[in-house]
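Naming follows writing order (A, B and C), and every chain is counted from residue 1.
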Amino acid sequence: MDPITFELPHTLKAPKAAPSLGPTSRTMQPMITGTSVVAFKYKDGIMMAADCLGSYGSLARFRNENRFMQVGATTLLGASGDMSDFQFMKHKLEDLLTSEYDMDDGQSLGTKSVYKYVSNIMYGRRNKFDPLWNAYVVGGIDNGEAFLGYANLFGTTYQSDCIATGFGAHLAIPILRRRVEGRADEISEEEAVRILDDCMRVLLYRDCRAFNKQRRAKVTAQGVEISEPYALETDWSIADRVVGYGA
Amino acid sequence: MEFGLQLNERPMEAPREAHGHNHWNPYVDTGGTSLAIAGEDFVLVASDTRQSDGYNINTRYDSKAFELSNKTVLALSICSADGKRLYEILEQRAQLYFHKHDKPIGTEALAQLLSNTLYSRRMFPYYVFPILAGVKADGKGVAYSYDALGNMKDVTHIAYGSAAALVQPFLDSQVGFANQRNADPNRQLTRDQAMRIAIDAFTGSTERDIYTGDWLEIFVVDATGVHKEVRELKHD
Amino acid sequence: MTSIGTGYDLSVSTYSPDGRVFQVEYAQKAVDNSGTAIGLRVKDGVVLAVEKIKHSRLLVPNSNKRIMTADKNIGIATAGWMSDTRHLVKRARDEAHSYNSVYKSSIPAKIIAERMGMYVQAYTLYSAVRPFGVSTILASIDKDGPQLYMIEPSGQYVGYRGCAAGKGKQVAKTEIEKLNLEELTVREAVKEAARIIYAAHDDAKDKLFELELSWVCEESNRLHAHVPQSVLDEAIEYAERALDDDDDEMEEDDE
């Protein structure tokens, strides 16, 4: 009689092609992600907003993330994309801050220097085919002048009066173009907050990875201020009239 | 009767996920257009300042033409990140040359240096199509055009970038007098004429190419140095 | 010189017959030639003070700092060769950085003291190297509160409430022993430190000197920093007054 044979489950079978013989592979997808960062210049400096959600795919995994970092006295960093890569970047910046402090030469890191540093890391990692999966917004006051810059995983960088990452680039930028572009230095803090909240509300309605718990941050001549999390007032009463919503 | 247990295949280490599509593309096209027109004793370089990412306009003002010395201008196009880094490298090398030789680096030397720099990255090219323009040691205007790998050629006129296909034939006609039966092939453009051709090229491109627009930076280089001018293009 | 090496003093890799390594002792001599450095650990922080002897009037005031920062909360004051000091401070910074990149928290004082001790000690083992001519005073506030350590050229490191190195260390130690370090605040300690440096200064040998003062405390946000100018001025005034009083007393005694 033939011996009894059975098939092993596929998970225990030897891989057909041994992956170790292939090219070096790296994780090419983000894990825990943050969605849009919205930022623009106003009369007193820079306003920025980002929500507190760290998504795991479509799962709202971490609901109390802080996607801002204060870098030195006058610089603010906002991050979207992979949160572990953001933590890595934060660590690098802390190192940089420490070595600058140790110099004891009476100089401090300006916003433009921080921006260049972040940009160089992003471009350097793209060149290694091992990108940090982020889009960063760096804002601050450098030599009395408001500065706002962007850097992403391709090493692409630009400066603008209004910057938004991710879905924000589609949904918030049109609002900012209308309400900020060309008149940034006329916008009071109250108006800036209204504009920011309006942008974040649109994102909250339409971006499935957005979350109604967010932080606002600003940089003025007085320094950096990152708010405690707060919620936006929303109105879903018209939702059932939107095509595709509910029944 | 034999009643043994036989495994078809022996168990191995835990299976690893096989990545079929394990490639990330580091290249991005951020759009924009640059051109150069070489005259007898001057050269004109023009670039728009729009930076795009797909249908999004990232910013309306991101320069991609830079002064490398008081007689040379470098204009990039396609990938802004690579372009900026290439400019930084050349700028540093020009600085180094100045300190070593106690005189500014010449346009011809920079042109060859740019070619070498591009070719040094033959296996992972800078995604840029540079134009280097300036006045030579003899005071004559010159423009060099390159491909991304470092192949170099001096030209009288060149257009690169997202609207190159629109601008190049226009320059061929208006600067090179191509297919103009009665044109004098030796006729030289004046600065004014070159300026008007450059502006027309960009206003036209702005209408038809979504990646070109916002602002136009024009550099005229002659024996007296680099003269920069910024003009508005349509912001739509 | 008290002891003649008689051939056993050329290398750190050879003991003398009575069990000494002369090169290490000579390194200690290098330390003893230096301007005094002291550290005081008090109830709410640590104070470092250095008598920076100036070899020329042409030096820019406050230049050539002898108190340096190894990590945001760690200060280093040394007695001995400045070139060796800079090397050791770099090492301390690297250690602090490496600890932080592994544990994402700032390095505890006892760990950095141990690592620096091990590093310095390694230079007492091989014939190809020379021991560091530096005594390193290390001040910080970590999670266990204010910390003060001193690392000798031998690699020996010890935790202290108060310590001194350099030319005036005998005078300084005597003065430090009189202080009630447990009760002192950093504000008071700064003045006492200034007074001790002034007392340990030998005006006959070294005319020009500058007082360097730094602290790690709540007032400096737990960062190691040079004290503010106003605090420094106040401390110097206090130190000079104390010296004058001393002189007066001595004159009275003479009568």
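By definition in this document, contacts are C-beta pairs under 8 Å (C-beta built on N, C-alpha and C of every residue); 3 or more make two chains touch, one makes a residue touch a chain.
Predicted model only: the values in this text are computed from it and were never measured.
Contact topology of the protein chains: linear, an open path with no closing contact. Of all chains displayed, A has the C-alpha centre closest to the centre of the whole protein C-alpha set. Between the Cα centres of subunit A and subunit C there is a gap of 45 Å. Subunit A and subunit B have Cα centroids lying 30 Å from one another. Separation between the centroids of subunit B and subunit C, computed from CA atoms only, is 58 Å. Touching of two or more other chains is recorded for no residue of subunit C. Residues 91, 94-95, 98-99, 101-102, 104 of subunit A are the ones that touch subunit C when the two sit in their complex.
Residues of subunit A that touch subunit B in their complex: 1, 3-8, 10-15, 17, 19, 23, 25, 28, 123, 126-127, 129, 131, 150, 154-160, 169-170, 173. Put simply, subunit B touches subunit A in their complex at residues 1-12, 14-16, 18-19, 22-24, 26-28, 30, 51, 53, 56, 58-62, 80-82, 84-85, 124. On the subunit C side of its complex with subunit A, the touching residues are 65, 68-72, 93, 96-97, 100-101, 104, 223, 226.
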